[in-house]
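Labels run A, B, C and D following the written order; every chain starts at residue 1.
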Amino acid sequence: MSATLDQIQTGVQFLSADEAVKKIPKAASIMVGGFGFPGMPRHLSRALVEQTDIDELTLIMNSLGSVSTLNALFEQNRIKKVIGSFFSTNKDLVKAYREGKVEIELLPQGTLTEAIRLGGAGIPAFFTPTAAGTDLAKGKETRVINGREHVLEHSLTADVAIIRAHKADKAGNLVYRKTAQNFNPAMATAAKLTIVEVDEIVEIGELNPDEIMTPFIFVDIVVKREEV
Amino acid sequence: MSGSVKHYIAWRCAQELQSGVVNLGIGIPTLVADYLPKGLVTLHSENGILGVGPEPDPNEFVVDPESIELVNASGVQPITALPHASYFDSSLSFTIMRGGHLDATVIGALQVSETGDLASWAVPGKDVLGVGGAMDLVIGAKRVIAAMSHLSPKGEPKILPECTYPLTAKNRVDTIVTEYAVFKFREGRMYLVEMVDEISLEQLKEMTPASYEVAEDLKVVKRESIGDPVLV
Amino acid sequence: MSGSVKHYIAWRCAQELQSGVVNLGIGIPTLVADYLPKGLVTLHSENGILGVGPEPDPNEFVVDPESIELVNASGVQPITALPHASYFDSSLSFTIMRGGHLDATVIGALQVSETGDLASWAVPGKDVLGVGGAMDLVIGAKRVIAAMSHLSPKGEPKILPECTYPLTAKNRVDTIVTEYAVFKFREGRMYLVEMVDEISLEQLKEMTPASYEVAEDLKVVKRESIGDPVLV
Amino acid sequence: MSATLDQIQTGVQFLSADEAVKKIPKAASIMVGGFGFPGMPRHLSRALVEQTDIDELTLIMNSLGSVSTLNALFEQNRIKKVIGSFFSTNKDLVKAYREGKVEIELLPQGTLTEAIRLGGAGIPAFFTPTAAGTDLAKGKETRVINGREHVLEHSLTADVAIIRAHKADKAGNLVYRKTAQNFNPAMATAAKLTIVEVDEIVEIGELNPDEIMTPFIFVDIVVKREEV
């Protein structure tokens, strides 16, 4: 197993954004990384908006800002449901919701991130104190543990994750920067097909193995961002 | 509420915070940063940073949505990082919050009940399409400081026997800071510990339907005019 | 079991693994590494590395318990890392395992049942003081390849209608590789897919109390003498 | 809040190993990092062995090798219970167990690490497929989720964690190397008092903020290792 650089093949594919989003099945559940601007896969989002035959989508993402590139999906009537923590300020989404075109499932942000992380880790349900005694726990199983009320939450997995990282190496290992990490590393673990857009692709061996945040095993397709 | 009243509330909250790690919510809590002792309190932001520094000079910093990598929990407002800062993903960020590691959070409030229930995220009869990280913050922080105007914009009381708005969390508020008073929760009871000298105990009671006790060591203070702090 | 038989089993397991990420258990599975196609299969080790390389030259490497930082899942055996390697903590390592991300694991077995139950960690009547990562490996890997001698050292069958030893996991074995045969589980049924030409079907049946079907495409092979591979 | 380097105080203490272990209360539960040799806090372990008035301890650690510096604790009869995944090869521990002097709670390694991580994250219980249908699930609540049997496991927290990292900065931020990470980052989050031994202490600002693996908020005491 003393493989040399030129012998290493991990199976991670390097495609254009258009080629990558073509792999997304109809009626897919899609996790979308990002917290506001940083870490949002805007390049893949634009390609998804243009690939108009993929519809009946479920989006799993923290929030959808009013200037998100994905807002066009609501105008195009391609979204069935969104699961996340904050959508109040998105006029397109609020309109679609009021017209009964989109279902919204609201989770506290910490429950959302842990549901994704545990979904990727093969743990399907967990008890959290967050939201106990509030409207967001309505209809959910509760249990008193250590003298405190907890809510049973179910973990999340998805057909596809579209995420953003700073660099990938040619094996598919990823590094992120600053507050652009956010939901991306967890989402990479929780989807059947993980597509990542990166600023830069480097040779194998150029990333410090201690600093790789998402090992290639979680990555299926890498797309290099193009200048907008 | 005037800017100077908001700054007074923020300043008064900051007096509660002399060390440790704190997460500041949006609204009045954001202003607290300006009054914290330099270097002794470290700020956490749930989008993945411990060690939030001041905003960069807007004249020198142009936000490019395609490339910006360092913002606060609004998702769009650029910030800087202090020399001891670290970055992490959302899972670790909420481990800090839910796991009980924050020394305090300062959070805006729509209502607080006499048992320390907090309502801060939704209004009855309106679509509820956003909660963010507030519930995790309040469930986990060692101290929850509610920073709020004493009355609603319509003049209605906000410190009540029971919240009528949807709850953020039950029994989690530790301190209430308004422009008129400071209340603290001790062993499940609410105490008035400080009030400004411009109103009487009776006037305060009238604005505060919650039942509370007056602390033995009640402080009556002059509300100072804070104004915008000078950023250094 | 002779060294050459162990190596044959390891070599035969390696034939099942032509790409992807694999975790090799201790015992015979460790030997599998030597027969994998170079660069096409990446090895994971649960102590926190993806991209395990060969052991360093023992003549050049002295293990200092105070300072050694790179070992395999034994906790003490030094290894090297390949150019595409990454390191991570135990939580992420078991996310890889339990979360269904490993393409396969090769694991030693004490017993396997005809329904794919695996017993690999404990013997009845003895203190059970260690399980390690075996249960997580077997519950999560997409393929579980049991690498084992066909009979116990006492000559007892190990492929049984039901395991009599404590289970590691139920219904998780995908392939059994012994020195005499290869079995595969397809839709809950066990099939004999390959056997060596030195024994008859009847002899195999006698050593294998589990009920199984003979695959239509059963391969009868000559067991090659593998010997120690030459490390490159 | 534009604090400069000389103004930053995080409250993390920098002590000797002897001073640090004196903070451990009697009858404490102690998480101990390490997986075999790498990441094992051997320096703090030696100090703990010498601090003989701390007893009735519960240890939470993956395994205890036969050459562990902590084995002396069994000879000293100071351990009440150990919780972990692999103790078979430790003769001292097996002997103490057979003599009824030590209680052992065995968990699958992945359940152990997740129980610690979730303990630090304020999530007290979770359903895992690992160990379902085995002796290690005996007496535990089970539930079929997504058509598969799962075991309810309770998370772990401790009074103290003694861990090892490669470097700390003077704020208390930590970085680890290679396979010496293992259980250390999770344990740092799950204890009331986290004591870490490091090879090196550097100035604030010398660690890349993207590479800090344990932020100082999880650290209470840093001890610089001394040459043995």
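Operating definition for what follows: contacts are C-beta pairs under 8 Å (C-beta built on N, C-alpha and C of every residue); 3 or more make two chains touch, one makes a residue touch a chain.
Treat the numbers as computed from the prediction; the structure is a model and nothing was measured.
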Fill in the blank from the handout: Common contacts of subunit A and subunit D, by label, are B, C
Exercise for the section: Could you pull out the chain whose C-alpha mean position is farthest off from that of subunit B? Expected result: C
Completion exercise
Ranking A-C and C-D by C-beta pairs in contact puts on top C-D
Exercise for the section: Could you please state the distance in Å, as a whole number, between where the Cα atoms of subunit A are centred and where those of subunit C are centred? Expected result: 34
Problem - subunit A and subunit B, separation of their C-alpha mean positions in angstrom - result: 30
Completion exercise
Taking each chain's centre as the mean of its CA atoms, subunit B sits from subunit C at a distance in Å of 56
Handout entry: Junction residues of subunit A - those touching two or more other chains
Key = 114, 117, 121-123, 128-129, 176-178, 209-210
Problem - Shared-contact residues (touching 2 or more other chains) in subunit C - result: 81, 87-88, 91, 94, 98, 139-140
Fill in the blank from the handout: Inter-chain touches occur between A-B, A-C, A-D, B-D, C-D
Practice task
Report the residues of subunit A in contact with subunit C in the complex, numbered from low to high.
Solution key: 1-11, 117, 120-123, 169, 171, 173, 189, 204-205, 207, 209-210, 212, 215-218
Handout entry: Residues of subunit A touching subunit D in the complex
Key = 114, 118, 121-129, 143, 145-146, 150, 154, 175-178, 209-211
Handout entry: For the subunit B and subunit D complex, residues of the former touching the latter
Key = 19-21, 33-34, 36, 38-44, 50-54, 80-88, 91-92, 94-96, 98-102, 139-140, 231-232
Problem - subunit C-touching residues of subunit D, taken from the complex the two chains share - result: 35-38, 40, 42, 62-63, 65, 67, 85-89, 93-94, 97-98, 104, 106-111, 113-114, 117, 128-136, 166, 176-186, 213, 228
Exercise for the section: Could you please specify the touching residues of subunit B with respect to subunit A in the complex? Expected result: 45-49, 63, 65-66, 68-71, 73-76, 81, 87-91, 93-94, 97-98, 122, 127-136, 139-140, 166-170
